[in-house]
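In what follows, structures are represented as structure tokens.
Paired with subunit B in one complex and with subunit C in the other, subunit A is shared by the two complexes that follow.
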Partner chain A sequence: MRSRTKVGDGLFNVFNNTLLLLLGIATLYPFLNLLAVSLNQSLDTMRGGIYLWPREFTLDNYRLIFSNDRLFDSAALSVLRTLIGTGLSVICTIMVAYALSRREYMLRKSLNAIIVVSMYVNGGIIPIYLMIKNLGLTNTFAVYIIPGLIGAFNVMIMRSYFDQLPDGLVESAKLDGANEWQTLFRVVMPISLPVIATITLFISVGHWNSWTDNFLYNSKESLTLLQYQLMQILMQTTEQVSGGIGSGTDDAILNFTTPQSIRATMSMVVTLPILFVYPFLQKYFIKGMTLGAMKE
Partner chain B sequence: MNKMFRLLVIVLVVAVVAGCSGGNNGGNGTAPTNKPGETNGGTQSAAPQEPVVVQMASLYPNLDANNPVMTELSKKSGFKFDLVTVTGDRNQKFDLWLASGDYPADTVILKPDYIKKYSDAGAIIPLEDLIEEHGPNIKKHFGEYFDLLKDENGHIWSLYVSNITDEPTPTMQSEFAVSYKMLEEAGYPELKTMDDLFNLLKDYYEKHPQTNGQPTIPFSGFSYNDNTYENATGPIFTTSGLENHGDLTIDENDNVRHIFTSEEAKTYLAFLNKLHIAGMLDKEFFTLKNDTMTQRLAEGRVLAGAFPSWYMQPEVEPVIRAAGNFDDLYAYFPLVFDATKPNKNFTAAATRSNWNWAITSKSKHPEEVIKLLDYMFTDEAQILINWGIEGSHYEVVDGKRVIKEEYKQGVAANPDLIWSEIVTPFYGTSMYFAHGTKLADGDYATPTTRDSVREKYDERTKEVLAEYGKEVWADFIPEVNFILHGLGQLGDVEEVRAEAERLKQIWNRDTAKIVFSASEEEFEKQWNETMRALEKAGIAKVEEAYTKLWKEATARYSHIGK
Partner chain C sequence: MNRRRKSIRTITNEEGIHIEQTAKAIKTDAGLKNNLRKKKWKTFAQQYQLILMSVPFVGILALFSYLPLWGWIMAFQKYSIGRGIFGSEFVGFDQFVKLFNDDWFYTVLRNTLAMSLMHLITSFAGAIGLALLLNEVRSRLFKRTIQTITYIPHFVSWVVIASIVTLVLSPDFGPLNELLIWLGIVDEPVFFLSKEKWFWVIHTMAGFWKELGWSTIIYLAVLAGVDPALYEAADVDGAGRFRKMIHISLPGLMPTASILLILNTGYLIATGYESQMLLGNNLVMEYSQVLDLYALNYSMQIGDYSYGVAISMFKSVVSIVLVLLVNSWAKRVGQSTVL
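On to the complex of A and B.
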């Protein structure tokens, strides 16, 4: 009998491991492909056939991207925006969600309705632009943070989490003489760390990746973000190759790089910082999930 | 009581919000306009007056606004430039500018469709009076063709240069690419007609069904935007020597014909069908896009095909050259079906209207701006923006301008050098004279000349050219057909837009079926079916509408020099 279980176990292990390995490879492959393309000479990439390893290794693509003098400034600005934006946004979202989850709040139903409607209906790009302009937010740093401060979806996620917290928690805090602030920050927040960590991740990745607000509202060079800077490099190369604006004068001056290689390099430059930071944040996710269970 | 209270609070909140927003005047948010005379840093102006600041749209984010040519231009013209950069989705930005009024104070650079939008909205001003007063160089440059700038009401909305050159552009090349390998084996025959090509392909394919271990593909093609333009529609014009005006062509009586129902289209599709029946047409003829096509060409298996120069020159040739496979390159011949008919396909329009310059209605000093634009039409300015500064970028050798070696090497090593050395907001827009134009001093306006083009060729290419007794691919082209304007420059006719779209859809859907017919009878059947469908969709109406447009335009410009 022991030998049967051993064989069964062994087979299962082999099968399981192979399947998971294949899944892992399938998930990792696009990323590894991009890495290979970014390290391969661009004209050679156009010939096709690059899968996991670069055929003609070169650092030229990276050199082109890093030779852009505004790159580090805009990266610093991106980091600043992500930190400030995420911090403010999370706190505001918590406050709104908490208020909306209190059953005694009299505007609760109407505000909930307004927030849900706002997720589906908006004015379109030109009215939004006019509004931002009339608020005086064009060409400022604040336009990165203030308009997107409270996201309806995030509020709903957090509110549902607060809704399912046991009532006894808040009641006992009130009984002990806590006011609303203390209830929120000392009692409710510490046990909501999973949802707060999740929302923080959403918001911070959103801030890190965004470039449309830069493109639409800010035209000053000193306010460009990392993503927008990279987009500019990509646009420039695409224009010159595809016979757009720059190609008419100097015929066929193909640079070192082609749009495909630039896109791959851009993806690397943008993803790697997040990849490096993530392991350090991971422990907060795990911690939040196990912290502060309440015995009913 | 509770419900009432809640309702009351909501109403109050809404009222407060509405009241606050009512006081805000929606239209006061224009960006601050330039302050004349405001300079950044020290200005050394050779001009007698204080330099005027001109705020202009620039399409290049990498442009270093203080590069040597910009500084020199500032000095010589007496203007200072305040650049507002546009990147990313340009059309979206232009739409936003138009709606919010946030466009740069003095000039914008737009394509003709946006020029129309802006002029309809009153965002740009008509220029003909300004040019009369302050634009002598513009008038001189155009000469008798000046009226081509005007629209049907006599207004000039945007500026661009003319295309009247002394020599044809040396970078021109024909559409049909034929592999060097095949030519060499056949002893470099003279290829004039499509039948010559067919026989050559047949002979070579029989001897070499495989190349580098993979099947040889005698004839291939691709379409850039999934609209069968590059592989099925465009070559119809070139192989029958017709003028190419989009999907339309114009016959001797100034009548507009649609290409889809023409005899020439049937001839070309029959040719493709013949190739297919002989097993020589690429199976993926209708599904290849430009990057997959490039890969295929770089593998060296394709023997011939119709490929436009704007695709081969920047996207394919560098890849093949970088890999060192010079034998895989292609020669370009202007092949036709009937070599006795005159070939009017290589057209040159009299004006070059692409990214055009317009003066906005926000400008506080339009006369100054037109003076700047007028200055750009002088020889001095053209040398500056095309060649650079004498001594730094070019030197005069034996009375002719030559780009300096150091500068050339510098650009070859680092292509981004041009942004910090020579590029101005005028680069690549419709403000530089066409290649092949000669200036008053008898020398070329731009560095792109026959010699510069020849320099870029590799040794093998020069060998092949020498076998035919030519120096550049442009030498193969029969004479250039000079026309006053293309039908495309006159804009779309709104009333038949839906029909035109439907015709395109039918054509795109059916060409694959027609070309891949298994026999000649089936070809005839499919062709007739498509013709019936096109006629039902209103092809006659489209032809009529465009004929009317064309005849009106011709009448309007009939006084211009013949």
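On to the complex of A and C.
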């Protein structure tokens, strides 16, 4: 009896680990393939057969991307957006979450109500578009920062974290004569680094990956983001094969390389920064996520 | 440390009660109103810093969540940009009559709901399944590695995901086609992204792959909290790992799982358009277009904003109704709710 369960457990273990290993490979393979394609000579890629390793190793694809002024400017703009947007968003989120976590705050209840309602009711894509247009935010850099400045979901996560801090903490700071700003910046924030790291990661990834606001609100060349450039290249190539209009590529860059290579290379350029940052923050965001979700 | 904290709290509490009682004693009918106003003013003065901290958020909510609701008026107008909301002619429910007689609207609504539902079901089953399997892994290092890897796609933009999907499904030496040919299932490469019937499947698989690992986080946390005594008791009864997983871990997940499933049905219609826009193309439009894209096309390309707003408004109203229904359902089932 005992030994039979043991054999069964052993089999289960082997099966389980194999399955998870396959899943890991299925998740990782496409990225490795993109990397191999991006490091392979573009005309050679057309012959097929590039899997995990480049056949004719070259950095030309990357060189081309960074020597293209338009792409370089877009990359700089994306970095700028991510830095400014994340900084402002994180500070504003922390502030409102702290205020909401204070039990004696007179506007706590009414603020809570308008947050919850805003999570379910929204005007829809066209009314919001017209609002942004009427505010004069179209074709400005500000449209990347302001409308998404504070997200209700992030406020909720942050507030749940502040809620479970010991009550006496804020009270004793108050007794020592600290005002609200001092309490927040000197007492509460230093012990909330895990959740701040979590929120910072979410917000910065959101900024870095965003292209829909570029697509909807900014048609100016000088305000084009890297993700949007990649999106346009992607749409161009799918339109070409599906025989749609607008397939004439005006992109000079496509004369030197193939759409497949340029797509793979740009995908790598926009993905690598995330891959470098995120594993280091993993232990924080798992904690932050579960805490926020469980409380809700 | 703990005791000190407690004592501070009791002192302030006692003080609070004491002050309140004296305040009550002082209050006479005539002075009551005046006193209350004074008290309110005093808390306001004390809390102005907290109020300042909330100002940006309230401003953002007002501008981008609440004021756009005003735009719903356009759905009852024949809106022209030149005249604006105040000058445009009112046409009553004309836009909605047009909407409900529009065949393409039903196609788009079908696509929206079908893709949401497919995503909901697959991601739900996938998250539970993967969480159960991960929970059984004995090696911590292996578990962490698999977790780290499967979380990656969640952080990668849809643009890159779409780029990967086109690469994998490509008829020119795409890995999937190579595999199918090697296995002898097809004779020549299939151009999957141009096949209407495949679009929902491709879209679902892409979303599944992207969010699978990430969606396990909450379930893993719940599994970590399952009472170890249950597993020990099962050990005594001679249950193997698989049976413990099925009879202890899975039931342990069920309360969380059912509440999450119920709540997520509330969002069925409230999905965006990013993934559909990136994966779709002209050839599969009949299966790829969703409500938001339809509204966008109508407003931006045809210039009929009123109709676009009517579509948006339909979507918002249905999603609110769905959320409310789902919440009262969840309440009846006896689970905690969000509202």
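The definition used in the following text is that the second predicted complex is superposed on the first by the 189 of 296 C-alpha atoms of A that agree within 3 Å, B and C clash if a C-alpha of one lies under 4 Å from a C-alpha of the other, contacts with A are read in each partner's own complex, and residues count from 1 in each chain.
One rule holds for everything that comes next: a contact is a pair of C-beta atoms (placed from the backbone, for glycine too) under 8 Å apart; a residue touches a chain by one contact, two chains touch by 3 or more.
This is a predicted model, so every value here is computed, not measured.
Enquirer: According to the stated criteria, A:Ser67 is in contact with first (subunit B), second (subunit C), both, or neither; which is it?
Expert: In the superposed model, A:Ser67 contacts subunit B only, not subunit C.
Enquirer: Who does A:Ala178 touch here: subunit B (first), subunit C (second), both, or neither?
Expert: After superposing on A, A:Ala178 lies clear of both subunit B and subunit C.
Enquirer: Considering only touches as defined above, state whether A:Gln282 meets subunit B (first), subunit C (second), both or neither.
Expert: Second partner only.
Enquirer: So in the superposed three-chain picture, is A:Tyr129 touching just subunit B, just subunit C, both, or none of them (first/second/both/neither)?
Expert: So A:Tyr129 meets both subunit B and subunit C here.
Enquirer: So, A:Ile84: does it touch subunit B (first), subunit C (second), both, or neither?
Expert: A:Ile84: touches no partner chain.
Enquirer: Is A:Gln236 in contact with subunit B, with subunit C, with both, or with neither (first, second, both, neither)?
Expert: Once the two structures are laid over each other on A, A:Gln236 reaches subunit B alone.
Enquirer: Name the chain, either subunit B or subunit C, that contacts more residues of subunit A.
Expert: Higher number of touched subunit A residues: C.
Enquirer: Looking at the overlay, does A:Gly48 come into contact with subunit B only (first), subunit C only (second), both, or neither?
Expert: Both partners, subunit B and subunit C.
Enquirer: Check the residue A:Ser219 against both partner chains and state whether it touches subunit B (first), subunit C (second), both, or neither.
Expert: Only subunit B; A:Ser219 stays clear of subunit C.
Enquirer: Let me test your reading of the model: by the given contact rule, A:Ile191 touches which partner, first (subunit B), second (subunit C), both or neither?
Expert: In the superposed model, A:Ile191 contacts neither subunit B nor subunit C.
Enquirer: Taking the contacts subunit A makes with subunit B in one complex and with subunit C in the other, which residues are shared?
Expert: On subunit A, the overlap between the subunit B and subunit C contacts is residues 46-49, 106-107, 125-126, 129-130, 216, 231, 235, 241-243, 260.
Enquirer: Which subunit B residues qualify as touching subunit A in the complex?
Expert: 2, 5-6, 9-10, 24, 26, 29, 31, 59-62, 84-85, 87-89, 92-93, 95-96, 99-100, 102, 171, 291-292, 294-295, 298-299, 310-311, 313-315, 317-319, 322-323, 354-355, 386, 411, 415-416, 418, 427-429, 432, 446-448, 453, 456
Enquirer: Considering the complex alone, what residue numbers of subunit C touch subunit A?
Expert: Going through subunit C, the ones touching subunit A are 4-6, 8-9, 12, 40, 43-44, 47, 49-51, 53-54, 56-58, 60-61, 63-72, 74, 130, 133-134, 136-138, 142, 145-153, 155-160, 162-164, 166-168, 170, 172-173, 175, 178, 191, 193-194, 209, 212-213, 217-218, 221, 238-242, 272-274, 278, 281-283, 292, 295-296, 299, 305, 308-309, 311-313, 315-316, 319-320, 323, 338-339.
Enquirer: Enumerate the contact residues on subunit A facing subunit B in the complex.
Expert: The contact residues of subunit A facing subunit B are 41, 43-44, 46-49, 64, 67, 106-107, 110, 125-126, 129-130, 133-134, 138, 215-216, 219, 221, 228, 231-232, 235-236, 240-243, 245-256, 260.
Enquirer: Show which residues of subunit A lie in contact with subunit C when the two form their complex.
Expert: Result: residues 1-2, 5, 8-9, 12-13, 16-17, 19-21, 23-24, 26-31, 33-34, 37, 46-49, 51, 92, 95-96, 98-100, 102, 104-107, 111, 114-116, 118, 120-132, 135, 146-147, 149-150, 155, 166-169, 171-172, 175, 179-181, 184, 205, 208-212, 216, 227, 230-231, 234-235, 237-239, 241-244, 260, 263-264, 267, 270-271, 274-275, 278-279, 282, 286, 289-290, 293-294, 296 of subunit A touch subunit C.
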